[in-house]
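Naming follows writing order (A, B, C, D and E), and every chain is counted from residue 1.
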Amino acid sequence: DTITVFAAASLKASMDDVTAAFEDKSDHKVQTSYAGSSALARQIEQGAPADVFISANVGWMDHLEAQDLLVPKSRVALLTNALVLISPVDMDADVDLSRNASLIEALGDTPLAMAFVDAVPAGIYGKAVLTSLGLWDAVSPKVAQADNVRGALALVARGEARLGIVYATDARAEPRVSVVATFPSDSHAPIVYPVAEIAPSSQGAQDFMTYLASSEAQAIFESHGFGLVH
Amino acid sequence: MIATLGFSPTEWQAIGLSLKVACIATVFSLPFGIFVAYALVRWNFYGKHFLNGLVHLPLVLPPVVTGYILLVIFGVRGPIGSFLQDWGLVFAFRWTGAALAAAIMAFPLMVRAIRLSLEAVDPKLEQAAATLGASRSWVFLTITLPLAVPGILAGAVLAFAKALGEFGATITFVSSIPGQTQTVPSAIYALLQVPGQEGAALRLVAVSIVLAMGALLFSEILARRASKRVDGA
Amino acid sequence: MIATLGFSPTEWQAIGLSLKVACIATVFSLPFGIFVAYALVRWNFYGKHFLNGLVHLPLVLPPVVTGYILLVIFGVRGPIGSFLQDWGLVFAFRWTGAALAAAIMAFPLMVRAIRLSLEAVDPKLEQAAATLGASRSWVFLTITLPLAVPGILAGAVLAFAKALGEFGATITFVSSIPGQTQTVPSAIYALLQVPGQEGAALRLVAVSIVLAMGALLFSEILARRASKRVDGA
Amino acid sequence: MSLLISVHHKFGDFILDAKFEAPKGLTVLYGRSGSGKSTIINAVAGLLRPQKAQITVGSQVLQDSDARTWVPPHKRRLGYIFQDSRLFPHLSVAGNLDYAARASRRSIDTAHRAQVIDMLDIGALLARRPIALSGGEKQRVAIGRALLADPQVILADEPLASLDGARKAEILPYFERIRDETDIPILYVTHAVNEVARLATTVIALEKGKVLRQGPARDVLSDPRARPMGLGAVGAVLDAVIKAHHDDGLTELDAGGAAFFLPHVAQPIGAKVRVRLPASDVLLAHQRPSGLSALNIVSGQVEAIQNTSESGAIVTLSTCAGPILARITQRSVRAMDLRVGNPCCAIVKTVAIASDLGTDLA
Amino acid sequence: MSLLISVHHKFGDFILDAKFEAPKGLTVLYGRSGSGKSTIINAVAGLLRPQKAQITVGSQVLQDSDARTWVPPHKRRLGYIFQDSRLFPHLSVAGNLDYAARASRRSIDTAHRAQVIDMLDIGALLARRPIALSGGEKQRVAIGRALLADPQVILADEPLASLDGARKAEILPYFERIRDETDIPILYVTHAVNEVARLATTVIALEKGKVLRQGPARDVLSDPRARPMGLGAVGAVLDAVIKAHHDDGLTELDAGGAAFFLPHVAQPIGAKVRVRLPASDVLLAHQRPSGLSALNIVSGQVEAIQNTSESGAIVTLSTCAGPILARITQRSVRAMDLRVGNPCCAIVKTVAIASDLGTDLA
């Protein structure tokens, strides 16, 4: 069969490897459409021919589940991620997250690159972190919000922003940035990428779901820097 | 193989699809563009300003919004989409949908260009044609339309270029399914999601540019030929 | 309060900013648009096709790519950006950058419209002006330009509409800083990322539409007045 | 077929208020620049919709603003020669000429087409675009385009203004033929007196949007009191028959018994022709002079003497050929002691007659 | 100042190859439609850049294709009246008239402006746009626009073609004044013989792009062999002086001793005038006839007899006033037994002279 997978765009690098490995092992073909989680979720709502949806955003998966568009009980938390503070490699900012003033001093009057803080998961998590650290009110006027986490990453990679908050996986893949600090995982809700089969269920989709849970697939995800849900 | 120019099969598919989408979008919207432009220039009707506004809407709205509106209207569950589906015409998640999105996004550009050229046609010539027995539609076909060729060509090439570059509405409406709805811009977008793939993205950008410049040059040549017919020996 | 129409202060900021950005982008690019259009129509120079292609580029490229290119060139570290910074002109993360992005994205539309109108100006009238002692630039100012008013207005309103709707290049180039660079489209985009916020997005969409339609109507009125001067008593 | 026209239209200060009949034949609209000639023609063509109008061709109502009848221009079967030529710039000369046939899906009458092209001498231009034509060439193509439209009404707005005398002389007979051989009414605007004299069946003189005088060309032209076209246009119009072609190249006409000689006229013996004798080309003498180079001398009686200016007068003689007008000085009237009822001779130069018959129009 | 023109230009099959001098005064370019008149004017204006050309006004070289000299049109100080009026549609009539002054940042000479507006009778149109003008009104505005450009050369391409006789009569004296009172050379295209006769200092006759004949108007017009404008244009041009204004409204001229009477001429006694006697308006008689309405009778001797067609001839008399031409039939030549050397009288109608002096041009 041909399995159509809708996946959050930020998963493209790892998902390309996973699907290639899956296609080697099975006689299914996988088509993956990468776009923002919100766009994909809306399309599924409007009857898109997706068999599997991997979202970067729990909210949108909840939204679909509430409309009974998922194959019951197929939803699982596939991956986790961590949130990091980055800066361009050649600017080597020194920030001590335990000291509140440190981040603000490091920023000076330069912007802090993030994804949309009220809309895009990476931004929402980032805002939560800054709030729990008591920094949000001081920092928020300086936050430059990109439409997705890659945009924030690019701003830092180009050196336009001195600091940015992105996923650990993004920071790892971009050689022009270095991780200044990793935010403690207890300072925000768990960063989870849920996956689910979209109704109606099919053999191919089930096989693919099974494969995603396999240790082989998990290893690929891990190699891209994702954490696994246990 | 040299023939692949280093592009993967899905990328080749995307290039072919983009070309197909841009051509179809241009060709099919052209008659509507001409019609709407003509109506705006020469007719007086109730709701003219509304039509004019409607035509410009895709320009004003963020493409995502346009895409979303298309999804809601032309999706399989949408009012028009479900109706057309009964007639065998499916837009949702097909290349046809990409063409529709491109056509709608390009429509204001096309209409404006044609409208400007139609406005520049001297009504005295149309009158002269009428005194020679030409009905309104014949006047339109033999006088107005040929004299508006510069604008029609400009409109077509703008639409084609826009269709090649359209991304936001397309990916929102028909997603980005390789071989089905993944056009060059969505492929570029996907590549940009992967750090370190800028080079690959750049090659696709180059392809877009080459295609658009080709179309541009072609239209300039046609326009020059058409204007030679009017201006010189 | 009724005066807020239910918009939050940041939303009001976004509306004001969008208007400012669209106006500035239109006003500042207009002279360039006229100049480039004139050069393309009336001059023959080496690299004309290249210039023509360059102007159309923002239409062909996915907006993200254009935004990225702007970032590379006009960012604080970019060749031009760092140079201009020494002169006190900063684009990065400023509303000026949003205006630049909007202007660049709208430029092909503007140039095309003006070009069409310039092409429609009868060179015989320009010749007549020359025989009356008018230098080239005076002919341009007093004959060519006034006769091209329909195209200039069309170009300006297209640019304004496009500037109001521009999202991809703007967000990539200057991101979205409330009060600085958060325009209406980015606000809409953000709202659309969250389930159930369609209503709020819709209200902002309505604002965009109202603004654009106002500009459209205004330009139609100006155009009608200009054409009355040519066609009738 | 005749044209009945009654139009009322206001343009700013200018008010057109004209009512007249253009009977079969050629009706000249005459009047100063801005008097409303083109406006009337446009109303007949349907390009202008006057505020009030009744326009009828034969039995067909083209417009009746009371009955709200309105025939659109393309159904009026017109041959309109515009004051500005209005050629289609994107079509070749041939494409312009054949436009009407194509528009009405008629097959092209190739013999007629060839004849018109030949008359207008535009055969060498057929493949050119209008931009590559001279002013006169454009106008000739515009004339051809209208003539080839198979019209039921011809509207000609100064069709020959930009043409040289020789060209005019070639084209004028064609309008005469349409006037004489077909039933197509022609509305013709011109400022040239010799065109009026030669072509007009009826003359409508306009002034500031009003009809100043209308009537058969002969009456209007030979009435010394009515001079809508200026004194130069006053003259008698005589009906004559070709009597003989002489060996020395002269043609002899007979007008009510009086003989007139003029250079060869290419018409058979017995054919009827119209001869115009401009008052300014007629001399008067007490008695038939001898030893004079003028061949055409008619005797008659003074019927009227009309002073036209401080020093000029127009004398009307009644002769066997009809009334003949002479424009002379009051000094001569006194010197010759001319009085109504006196006998008198009119001397007309041969060539003066000829020039109005088109043998030489330059 | 004089204009020296030598142009070579090829348009498809058409080859213009003309070289001539337009001396001070008014030079008429005469020739059939398509003979290259507008092309020459455009070359002088610099709107066409001929493949080869030398064009000089006074001492200023406008173009020299050998020396690669080229003065752009706006530096040529022209007053070009186009064959199509080419008014600026977005400017009012006033805006059109003042265009040249604004373009060269001159202050407007209000007296001159008022005079031109008055002469052209366009005062009521100043606020209108060209679209709201009639054909003749457009042309008058175009004339005014060119005249107000303070030109050093005037180029007029059939400026009066679309005007009625009375209008022409009003505007012609203005061209005469420029011709006589200023140093501005005028290149003037027309098909109207009476304009040539009245205005031309020099005539350049063109045929198919070549100069057929050129020279002072008097020579070209009074040479029976050279008839670039057709027989109708042949005629003598005499220099005369105003001798007296009589009580009966007639003005008496003296031309080398011969007296000519014509309706009042508004010039002081002693003023020099040019009188044209069209050959077709002259009758011949063996002896001075009596009892004739014509007042102008000059005796002389037959100098030449030239057959011009199968039946016509032109007889040249030498008189004290200068050569006088008469166009008569060969039959009359035989009947009167005219031979070179014989004495003979020329009879010229008063009004024939007058009409060329513009008292009545219609």
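Quick notes on this structure:
We take it that a contact is a pair of C-beta atoms (placed from the backbone, for glycine too) under 8 Å apart; a residue touches a chain by one contact, two chains touch by 3 or more.
Here the structure is a predicted model, which is why all the values come from computation and not from measurement.
Chains that touch both chain C and chain D are the following: B, E.
Among the other chains, E has the CA centre that is most remote from the centre of chain B.
Ranked by separation of Cα centres from chain C, the top chain is D. Taking CA atoms, the transformation carrying chain D onto chain E includes a rotation by 180°, reported to the nearest 5.
Measuring from the averaged C-alpha position of chain A to that of chain C gives a distance of 35 Å. We define each chain's centre as the mean of its Cα atoms; on that basis chain A and chain E are separated by 90 Å. Each chain gets one centre point, the mean of its Cα atoms, and the points for chain D and chain E are 25 Å apart. Separating the CA-averaged centres of chain B and chain D is a span of 57 Å. Multi-chain contact residues of chain B (touching two or more other chains) are listed as 64, 68, 189, 192, 233. Residues of chain E found to touch two or more other chains are 11-12, 84, 128, 132.
Under the contact rule stated at the top, the pairs of chains that touch are A-B, A-C, B-C, B-D, C-E, D-E.
Residues 49, 52-53, 56-57, 59-65, 68, 108-109, 112-113, 115-117, 119-120, 150-151, 154, 158, 161-162, 164-165, 167-168, 185, 188-189, 192, 201, 205, 208-209, 211-213, 216-217, 220, 227 of chain C touch chain B in their complex. By the touch criterion given at the top, residues 45-47, 72-80, 82, 84, 86, 88-90, 99-100, 102-104, 128-129, 131-132, 145-146, 149, 155 of chain E touch chain C in their complex.
Every residue of chain A that touches chain B in the complex is listed here, in rising order: 4, 6, 9-10, 12-13, 16, 31-35, 39-40, 42-43, 46-49, 150, 153, 157, 170, 173-175.
Chain C makes touch with chain A in their complex at residues 68, 71-72, 75-77, 92-93, 167, 171-172, 174-179, 181-182, 186, 189-196. Chain B makes touch with chain D in their complex at residues 124-125, 127-136, 138-139, 142-143, 146-147, 226, 229-233.
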